[in-house]
Amino acid sequence: MAKDDVELIKNGKRLDGRKFDDLRKIKIEVGVLKRAVGSAYVEWGKNKVMAGVYGPRELHPKYLRDPTKAHLRCIYNLAPFSVEDRKRPGPDRRSVEISKVSAEALSSVVMLEKYPNAGIDVFIEVLQADAGTRCVGLTAASVALADAGIPMRDLVPACAAGKVSGEIVLDLMKEEDNLGECDLPLAIIPRKKEIVLLQMDGKLTKDEFKKACGLAVDGAMKVYEMQKEALLSSINNVRIEE
Amino acid sequence: MDIEACLRKDYITNQVNDGKRLDGRKFDEYRDMEIEKDYVGEKACGSALVRLGDTRILVGISLNVGEPYPDAPESGVMTISTELRPIASPNFETGPPGGEAIEVARVVDRGIRESNAIETEKLFIEENKVWIVFVDIHALDHGGNLIDASGVAAIAALVNTRMPKYEDDQVIRGEWKGKLPVKCTPVPCTSVKIGDNILIDPSMDEEYAMDARLTVTTTDMMNAMQKGGQGTLKEEDILSAVDLSFEKGKEIRKVIESL
Amino acid sequence: MAKDDVELIKNGKRLDGRKFDDLRKIKIEVGVLKRAVGSAYVEWGKNKVMAGVYGPRELHPKYLRDPTKAHLRCIYNLAPFSVEDRKRPGPDRRSVEISKVSAEALSSVVMLEKYPNAGIDVFIEVLQADAGTRCVGLTAASVALADAGIPMRDLVPACAAGKVSGEIVLDLMKEEDNLGECDLPLAIIPRKKEIVLLQMDGKLTKDEFKKACGLAVDGAMKVYEMQKEALLSSINNVRIEE
Amino acid sequence: MDIEACLRKDYITNQVNDGKRLDGRKFDEYRDMEIEKDYVGEKACGSALVRLGDTRILVGISLNVGEPYPDAPESGVMTISTELRPIASPNFETGPPGGEAIEVARVVDRGIRESNAIETEKLFIEENKVWIVFVDIHALDHGGNLIDASGVAAIAALVNTRMPKYEDDQVIRGEWKGKLPVKCTPVPCTSVKIGDNILIDPSMDEEYAMDARLTVTTTDMMNAMQKGGQGTLKEEDILSAVDLSFEKGKEIRKVIESL
Amino acid sequence: MDIEACLRKDYITNQVNDGKRLDGRKFDEYRDMEIEKDYVGEKACGSALVRLGDTRILVGISLNVGEPYPDAPESGVMTISTELRPIASPNFETGPPGGEAIEVARVVDRGIRESNAIETEKLFIEENKVWIVFVDIHALDHGGNLIDASGVAAIAALVNTRMPKYEDDQVIRGEWKGKLPVKCTPVPCTSVKIGDNILIDPSMDEEYAMDARLTVTTTDMMNAMQKGGQGTLKEEDILSAVDLSFEKGKEIRKVIESL
Amino acid sequence: MAKDDVELIKNGKRLDGRKFDDLRKIKIEVGVLKRAVGSAYVEWGKNKVMAGVYGPRELHPKYLRDPTKAHLRCIYNLAPFSVEDRKRPGPDRRSVEISKVSAEALSSVVMLEKYPNAGIDVFIEVLQADAGTRCVGLTAASVALADAGIPMRDLVPACAAGKVSGEIVLDLMKEEDNLGECDLPLAIIPRKKEIVLLQMDGKLTKDEFKKACGLAVDGAMKVYEMQKEALLSSINNVRIEE
């Protein structure tokens, strides 16, 4: 697959017809699992991701216990069939890294100090993957934590920007991620308007970075609105059920 | 086992002895089962999501080209794995599959393999090259009876699996050529014994209260059986379970084949 | 090896000359190991299997401890050289499954309630394998448990039946297992005449199943007599030694 | 976190808020950095030892012949591993790499890969045979800022790597033919935020006291970024760190290229 | 070490200092050794069971066809594994081999390899295809001196190993063609030092009470040595052990060769 | 590489010009690492080895704790790039064996009884390997233990002898180890003049063994002098610094 073969941008439109600052279609569902204390399901373009939360609960092994706060663990997992070339089950280095930065981002908003010595587990299951899964997973995870009733200072919406055929664009899909020049996923704490997850790989000048970063933050703010909406309507649903 | 668990087990057993199940079902009645084929149809060659009561199992099928087994050089290969993901239950851990996950995979495997459901002889490509069919069972929510939900999701996914195109010694991802050849639809049906009663499709609570468990996988014949649990079964218990499994298997098979 | 090449049944006799309801030759020895608390060795056709028992003893890891009863663990292991094509050492999925169903069957008869919090370990070593090893292993294991003096409600004799060239036959040997139509291993609690282990794979009608099941139960009853005899003569040996 | 650790963290933060670092450095100042190339030059194809303050990282490069990735059949392969050896810190364990080691390896990897520093297209030998470049990061002493020390050692080792001779389908060990083709020198620079301050090249104590961390790997452009830690960063924090990283990266690059 | 163990160790040491072993043997006397060749002769290519006092070791030999090592392309390959099965001792665990099992395997391996007992050059089949000889040491009962019992069982099994038939690029299982070429019979003999005494063939109790252990594997020469334990040995201790090992090795070799 | 191709001994001199009883060049540095409690670096011919010590410290897992003495653990590790053909990271069987015999040798001199229940960890990192690494590692390890201030009865110098082209020689280098007839590494407790580590593989008569053993002990005694000298000058350095 030579990079020249595919024209990623044509007449100012992207492969799937989006403008540079368009998000893919996003659907967020809350409380989709019965066993998990909290859960959320997010469809985002062709991505399908489920997040589930257990805890606060007893933490094992014991040496991880912190008498000043809970320990938040996050496991990001790509299902074997979520990608075209089957992925061998079990954690690989990419999953371990994403799990680490996701746990750090979530730890930033969860009031861990309320549950000394406890463990809170966040499981992110990527069922279908099409670029940007760490953003989708984190977006689902903070909604699942809220659904679990765990006290948080804010949600953690996430979104990527990147550079494709020389243009800075929002929310890369698979072909853009594979053939583009740069990917920049980030996550924010909306109330502080500060950045809590940031990774980048590719080639960017400082000015391009500023532009991409701003675009991604705006995207994350839109995701934030959808997260809140989904949580609100889930609370309404609960009321109706009761 | 703590005291609360003991009391709960006793309560369920007493209810069952009075002819009642906690969720109001009859002993020979399955919970609602929804089968959604091609649930992750953009990437996987085949897939199906099964909701059985609170249980939710996603099966995805991936096809690769690889080497045949030396003792069957002209046949494709099927391999089934189960992951009881920690999202599905507070009791599931991360790490390689344990005894419970392996049992689910192997019971589902035996039903499909022994009924020759997949026509593996049609998966031969050329000398030393055959299709490998990966069946990945992914448990997302554990509400009891993982075996049946997994077995149904697996065969429903297989029945609807597309073959990737294969040209110039390469698998062309995203392009398809025909369907995976599947010639029958084995369905596992699981009963449990509680007191002297045989109940089909146990919920999680019923699994907890059961003495013994029996899975019977049927097509037009019996293809696989697996007894579980520390209790014993009488011959008549087994024969009841066999009858129930033939009957329910037929109903579920119709649903799968009409997807 | 095409299925047609081998004639499994000829003039009503099987490959090794047995009738349909004949067991292979079985030899049971008790107390064959020094370190194990209890042990047994079973030769069954070409199968050679050793079982050893340790415990009741302290159980690790701690979270497995049950204050109402002992935890019985069973490890079934195929020696690398026990089969013609060397098996890689370590547990595979088949061994894990057999270990699980064997532990369940043995737990049914051992008076676990007598040893709260303890662990009882049963190790089954298949030294030479020729079909039916799970039945041989279970047969050896319950004798080893009795030899260890662990209180039990009954022994757990086991035996398989199956379908070979259209006939329902007892106790399949390797060639019959490989080329036959069905294998049905089971184990019973003789005093209750109930079934405690049952697996099946292949193709059977319900009537064939009934017949095979009855045949296997009868086979297991014969094995039960041999188990009791072996245990009795081991007790007599002990008396003579003293 | 015990009380002593809390007090220590507070002390460092207060000092930093007063404009001071424990070791007397300015906020935009690296600790002394020594780079010793060919440290294990008798066996490895390339190597470099970096001393950065108390941190000591040895990187060794090994070359083997192997298969290319299917999606880049005409390119060599680079693979980076990090071992945080238990000799380097009381907190490092034996066993396979954990999250911290994997993060170091992946951040270093991204900088080198995304800047196309290694001309992998020149590592093609013949169909299905390419050079595999193993970059092994070996942490010997952990005094803070493992990422920068590792990244500098890795690229310094690569720049000075010899190609083994390859004749008659065999690698001739101990004989060499030219150097590994490397065309640029990506340098990772890590800053931390403590209070409202951005400090470059954190010592171990400063890593402990930090709110957040940001690594920016540069050549003439930015090639990789990685934010770490549970705290947040403002856009201006990030832009300061980017400026610092470009500036310090240029200085370090000169040193590496003059070795 | 608890108080009971200390007392037991003292008791054994005192007895030994008085010239006595708990089981009445002389210091230079082996326990009864029985070697049963072809113990699992229906499946394995070779096998031998050794009973040495309460110790019981079964070794099985499997032959497969595989690739030679790159640095010896015309020689067959031998690989020795030890499994100290949990059935053999309350102290053995399930899981991959630990230090003790690995030491047994490697000491046995060195004796066989360094004496060139197996004529690996005769195990060449064709380019890139040689016989692989798997020697699996399976400990069933641990009554002390695992190394000698394992080493004797291994060479006794090898001496009596049949070669599977190999036709049309395939191993024909169950048909045989000649024997594995073995040209000498290395025998490991292990002594321990207790107090100032050198005793051969330690029982489990003696291993527990020993200061140091020395294994010497001999043919007509010395081929391997391994000192074990936290104590030290004087040169004269070692020379006594060497003499004992040559003497006992000769006796055991006769037994093996006459099987 | 046929054994005849290389002439290992020529005119009574070895490949690198050494006489039969010459050691390679040895350099010992003390206190080379900051985090480790004690450390040492040894260059020995082309070998480069670092040893570091942690402890006495809390021992995990708990079941290893001995109320009568500390538990000394030793991990010998070959860096992937330390040999010409890259070694896969992680312990292999050779490393596990060397770790075991090294731990036994060090346990012989460390006053473990002073630290009941504790753990003492010795890490040996082989950075460049050229035959004899176990001797180099052990030599470095006991210096690192002394540098850590852990009370010891003596140091543990080590050295190998061997047989090359029919001659008994001291301290084999790589080519001699690969192509020679025998390698005999040993370690001693100099004050007792007794042997604490001894391994051999190859072909030796008893007389040759005696000669090689004597040669190696003499070599180890020379190493002992270098160890002491390095420790002394490190103490002097400390005094000057203060």
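By letter and in written order, the chains are A, B, C, D, E and F; residue numbering begins at 1 in each of them.
By definition in this document, a residue touches a chain if its C-beta (ideal position, glycine included) is under 8 Å from a C-beta of that chain, and two chains touch if they have at least 3 such contacts.
Everything quoted here is computed from the prediction, not taken from an experiment.
J.: Show me the overlap between the contact partners of chain A and those of chain B.
T.: none
J.: Find out how few touching-chain steps suffice to connect chain C with chain E.
T.: Shortest path length, in steps: 1.
J.: Which one, C-E, E-F or A-D, has the same contacts as A-B for more than half of its contact pairs?
T.: C-E
J.: Roughly how far is chain C from chain F, going centre to centre by Cα mean, in whole Å?
T.: 51
J.: In angstrom, rounded to a whole number, how far apart do the mean CA points of chain B and chain C lie?
T.: So the centroids are 27 Å from each other.
J.: Counting in whole Å, what is the centre-to-centre distance of chain D and chain E, each centre being its mean C-alpha position?
T.: Taking the mean C-alpha position of each chain, the two centres sit 47 Å apart.
J.: Note the residues in chain C that touch 2 or more other chains, in rising order.
T.: none
J.: Would you mind listing the residues of chain B that make contact with two or more other chains?
T.: none
J.: Does the chain-touch network form a line, ring, star, complete graph or other?
T.: Looks like a ring, each chain touching just two neighbours.
J.: List, in order, the chains that make up the ring, beginning at chain A and going on to chain B.
T.: A, B, C, E, F, D
J.: Hey, which residues of chain B end up touching chain A in the complex?
T.: 39-40, 42-45, 47, 54, 56, 58, 60-62, 64, 81, 83, 85-90, 94, 96, 134, 136, 138, 140-143, 173-174
J.: Per the contact definition, I'd like the list of chain E residues that touch chain F in the complex.
T.: Touching chain F from chain E are residues 1, 71, 97-99, 102-103, 105-106, 110, 113-115, 214, 221-235, 238-239, 242-243, 246.
J.: Considering the complex alone, what residue numbers of chain C touch chain E?
T.: Listed in rising order, the residues are 33-36, 39, 46, 48, 50-52, 54, 57, 75, 77, 79-86, 89-91, 121, 123, 125, 127-130.
J.: Please name which positions on chain F make contact with chain E in the complex.
T.: 1, 66, 68, 93-94, 96-97, 99-101, 104-105, 107-108, 184, 189, 192-206, 209-210, 213-214, 217
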